[in-house]
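Here chain A shows up in two complexes: once beside chain B, once beside chain C.
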Partner chain A sequence: MATQHSRAAARFMIAPSVLLLLGWMLIPLGMTIYFSLLRYNLLMPGNNPFVGFENYSYFLSDPTFLTAMLNTLLLVGGVLLITTVGGILLALLIDQPIWGQGIVRILVIAPFFVMPTVSALVWKNMFMNPVNGLFAWVADLMGLQPYDFLASAPLLSIIGMVSWTWLPFATLILLTALQSLDSEQLEAAEMDGAGPVSRFFHIMLPHLARAITVVILIQTIFHLSIFAEILVTTNGGPGVASTNLTYLVYAESLLRFDVGTGSAGGVVAIILANIVAIFLMRMIGKNLDA
Partner chain B sequence: MGQITLNKVTKSFGEVQVIPPLDLDINDGEFVVFVGPSGCGKSTLLRLIAGLEDVTSGDIVIDGTPATDLPPAKRRLAMVFQSYALYPHMSVRKNIAFPMKMAGVSQEEQQRRIDGAAKALNLTDYLDRRPGQLSGGQRQRVAIGRAIVREPAAFLFDEPLSNLDAALRVGMRLEISELHKRLETTMIYVTHDQVEAMTMADKIVVLRAGHIEQVGSPLELYRTPRNLFVAGFIGSPKMNLIEGAEAGKHGANTIGVRPEHVRVTETGPWSGVVGVSEHLGSDTFLHVHDTGLCDVMTVRAGGELNVHHGDRISLTPDTDKMHRFDAEGLRIA
Partner chain C sequence: MARAVTPRRKAINSAVAWTLAILIFFPIFWTVLTSFKTEAQAIADPPLFFNFDWTLENYVTVQERSNYFRHFWNSVVISVGSTLLGVIIAVPAAWAMAFVPGKQTKNVLMWMLSTKMLPPVGVLVPIYLIFRNVGLLDTRTGLVIVLTLINLPIIVWMLYTYFREIPGEILEAARMDGATLRSEILYVLTPMAVPGIASTVLLNIILAWNEAFWTLNLTAANAAPLTAFIASYSSPEGLFYAKLSAASTMAIAPILIMGWFSQKQLVRGLTFGAVK
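Entry: the complex of A and B
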């Protein structure tokens, strides 16, 4: 695209898709903002008067909001911690030349292909169920009291399920990054007197920095909106113990039929997600500069 | 000190033996070059000495202590890799300091040695840069600096110049030779380039398929190659090898004449048609066809020689500088 003419032609030709994408984004956003300013409850049909920021003050002053926000951050943070650390360790493990490496790699990657509702149901009914679950059976075997995961530690259980799904993603990206490390660098470090631990911290980890950044950024985007796992296991409960922002918005608009407050929650969630994004980019974004 | 002895060292990868039993003595302070065509096992041999590969059988002794089972870091050897293997996320200073940091050298001592190495290698201005911001030659020098500060018993170089352009290669070659003269430390240098081997080495080890074909000083190898392989490998352009009746006249199976030992004369025992002539200014290399002796004969003539493509010329070999080889390809004394 060197000449003035070809630049203009290029702009003209990408214009339709840009306009489509813009509309795709702006129309729902505009409608959400519009609804968030109305008193709009499906149980009270009638005219939907304009009420300004009333919905926002209801949503933000609701004690559930703070819990939901905290839960959202715990959920994202917990999953990130488990998948990044676990992903690095797993990647190191399956990078070793072992017999049946191909099959092991496929097995490791498999959980990522299981859809969230299915994996959550499998975890809920086959593993964590206090009567029929595998964990209960193991506890019984050892003469222990079965632990009711979803009732006693709902958020932790959900963190576990989501981590199980996303660990393969982290492993896969980190494994490819690990394989791109020049083996001569490791040999040079070995000759320089660095043991396996020093080699990991001084050579491998800095090499993985960019891949880790990508893993964290992508996962954050997805984990801010975790919903299916919560819906099919705890329904946000017990009480609001496992309600995150996404689930709270759902509860407001589709369980309490308060579209106005739900929309206000949605707008708040957008703002919070952007704040998280800014912090993340500040903290780790510099790793992406080549 | 840096005296290295290899005793019946072998190396196999699975069923394939890449190094058959091999004995070699490297004396303290020597500049030894392993040279051979690619795949001859010279890099493997270097890695065996470094400890990056385990020997299948045999012993490696460094300065009188058995080193066969020592890990690389304990052998007091420093290696310069072909890709330089610098740590990209560390500054030049940190790269050079890394081995000392691992060895727990004090900060002041580290600083002193870094300054010394930087000065010796002209790196003082670049200490705070990252390897990615340096040119090939500078990276090479950082890699050497990282090796120097360890004050090793011997330096190992694995084709260190093959990633540099021709002009830089000549410069770095001199710098490494200079460094060797100054440090007087044993150096083992692997290359496939016989010019590097000839110009730098105190002792050349010519390898083929893991076998040592000949060990000797550059001029020894040039004057008295032990067999046809060494004769063909050492010297540039390659020695002309002549078989058949002409060789029989000299009581040999094959005779070898270096291009510099054939003269273009008015009349002579040999003659041929000039093909390509390469004018270097100081010399002219003539590729002579249809001599009836070998496919193409290379002749070094004076720079001002005026011959053209297609001219028929007469050639006279220096018979006293002729090499004779028997049916097994071994030198006839």
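Entry: the complex of A and C
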């Protein structure tokens, strides 16, 4: 049914989306790369001389960069570990015959719809606050000293907050995948005497492999860019203890107005994200053929 | 996968699942509950559960002191505006790719997806400077533009996966019956496409409503949606838990309800069709 005529019409229909996205990608990207090669500070007006890779060597040799990289990896890794393992367990549990499955599902998915600034401020003040927070009250009940979460373990606290938001996401996706599993296969395995553990490892886990990969990759893309949670709780501190790459670039560009260094950091962030993106794209691309 | 289990097993599973679900939901419950307390009751030791005088005072105060509904309205305009604009641009593209697929269709789709992988911080500086120069900083128009562009790939993808499920034979049958292209689109395809478009709109309003990178960086007092407004509570004066809770409750309630209705679409939309 695809004639010459309809092909031309199709191209015409696709063009706006493609051109807009092309512009959105190429113009700012080109500018970021260009700025990253200039000495360019908004506080120092005047001409912005070309300095080659000076911004990169400055950004990459700054000890804060190493801390930020490490924090980024810990943040992404920590959240992934909690949400993936927790998500598998929760999905397996909810998939069992239980009373009120629909309501349980609704309660579990809810945190995913809470905007990051609300979630971060609620956790920071009403739970983690060492004086008035609920955790302090619970600690007091058990005869423990209250713990100042965001001052003493800022990164871990942020990992906790972000995991609360994303555990529902992982659970929902894995639960959806589990429900598409052919129950006859499981019953057959059970008849053949396979115990719950071997059923999990030999039937369920292979079936979930694809969903797990998708959960990990998509979350990685989002978590590399965690920003709001850090901004409203710790501002990257104390010191730089909870500064990730995204926050560091933000601080360089919009707090210190160093456009050159900020842009160099932006390019580094893009390269990092692209490494993950390549794997994700392959996964999704395979699915298109199916 | 409903398999028979013993009643005892079912009771234990249910108890564990309910306990975990309630724990996970608790922060939301606690926020809503606190929004009805006075500031003193909000920090009472031991914490008060239901034994306090319920008040709506915080909701009134939040509105009076900070013109809450202005920010609420900003959120509505930005999320609905960017979603509708995105859908208008994306429907023809998704349509063409689903019904007139060419050799490049897959590549175009994958390329669109790849733009979504661009970390926002990588283009923060240029967008900020462009917006500053053309006067789009702290305007709803500016945010509508940015959110349309960042969500466009998801919108195209979701629509594409829905449109692809519309059987082509129906079109041929309609044509055999002498339908013109116009009536074909109007009476045959549109009714079949509406549910998919509606789901796409729903999911994207949710995503745009909660977007908190661009909204925080590109707005100040004027165009700040709720994400940015709530962030102002990070440096409060005096007691504020009850007011924070009231502002938060109003910010999350509409989207929570929409979210519960769109669980299935969420899976499809956020995994780009890789998990259904």
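By definition in this document, the second predicted complex is superposed on the first by the 261 of 290 C-alpha atoms of A that agree within 3 Å, B and C clash if a C-alpha of one lies under 4 Å from a C-alpha of the other, contacts with A are read in each partner's own complex, and residues count from 1 in each chain.
FYI, a contact is a pair of C-beta atoms (placed from the backbone, for glycine too) under 8 Å apart; a residue touches a chain by one contact, two chains touch by 3 or more.
In this text the structure is predicted, and so the values were computed from the model without any measurement.
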Q. For the overlay on chain A, clash or fit between chain B and chain C?
A. fit
(Q) Once chain A of both complexes is superposed, is A:285 in touch with chain B (first), chain C (second), both, or neither? (A) second
Q. Which partner does A:96 reach: the first (chain B), the second (chain C), both, or neither?
A. second
Q: Using the superposition on chain A described above, determine whether A:159 touches chain B (first), chain C (second), both, or neither.
A: neither
Q: Measure off the angle at the C-alpha centre of chain A toward the C-alpha centres of chain B and chain C in the combined model, and quote it in steps of 10°.
A: 80
Q: Could you say whether A:80 touches chain B, chain C, both of them, or neither, answering first, second, both or neither?
A: neither
Q.
If we overlay the two complexes on their shared chain A, which of chain B and chain C does A:192 touch? Say first, second, both or neither.
A. first
Q: For A:68, decide between first (touching chain B), second (touching chain C), both and neither.
A: neither
(Q) I'd like to know which partner A:266 touches here: chain B for first, chain C for second, both or neither. (A) second
(Q) According to the stated criteria, A:206 is in contact with first (chain B), second (chain C), both, or neither; which is it? (A) first
Q: Once the structures are superposed on A, label A:214 by its partner contacts, choosing first (chain B), second (chain C), both or neither.
A: second
Q. Is chain A touched at more residues by chain B or by chain C?
A. C
Q) Shortest C-alpha to C-alpha distance from chain B to chain C once the two structures are superposed, in angstrom? A) 7
Q. Which parts of chain A are in contact with chain B and also with chain C?
A. 187
Q.
Could you list, by residue number, the parts of chain C that touch chain A in their complex?
A. 1-5, 10, 13-14, 16-18, 20-22, 24-25, 27-28, 30-31, 34, 43, 45-47, 89-90, 92-93, 95-97, 99-102, 106, 108-110, 112-130, 149, 152-153, 156, 168, 171-172, 206, 209-210, 212-213, 216-217, 226-228, 230-231, 233-234, 240-241, 244-245, 248, 251-252, 255-256, 258-260, 263-264, 266-267, 270-276
(Q) With touch defined as at the start, can you tell me which chain B residues reach chain A in the complex? (A) 50-52, 71-73, 77-79, 81-83, 85-90, 98-99, 102-103, 146, 150
Q.
For the complex, give me every residue of chain A touching chain B.
A. 182, 184-185, 187-194, 198, 202-203, 206-207, 209
Q.
Looking at the complex, which residues from chain A come into contact with chain C?
A. 1-2, 6-7, 9-11, 13-14, 16-18, 20-21, 24-25, 27-29, 31-32, 35, 90, 93-100, 103-119, 121-127, 132, 134, 137, 164, 167-169, 172-173, 176-181, 183, 186-187, 210-211, 214, 218, 221, 224-225, 227-228, 231-233, 245-246, 249-250, 253-254, 259, 262-263, 265-267, 269-270, 272-274, 276-277, 280-281, 283-285, 287-288
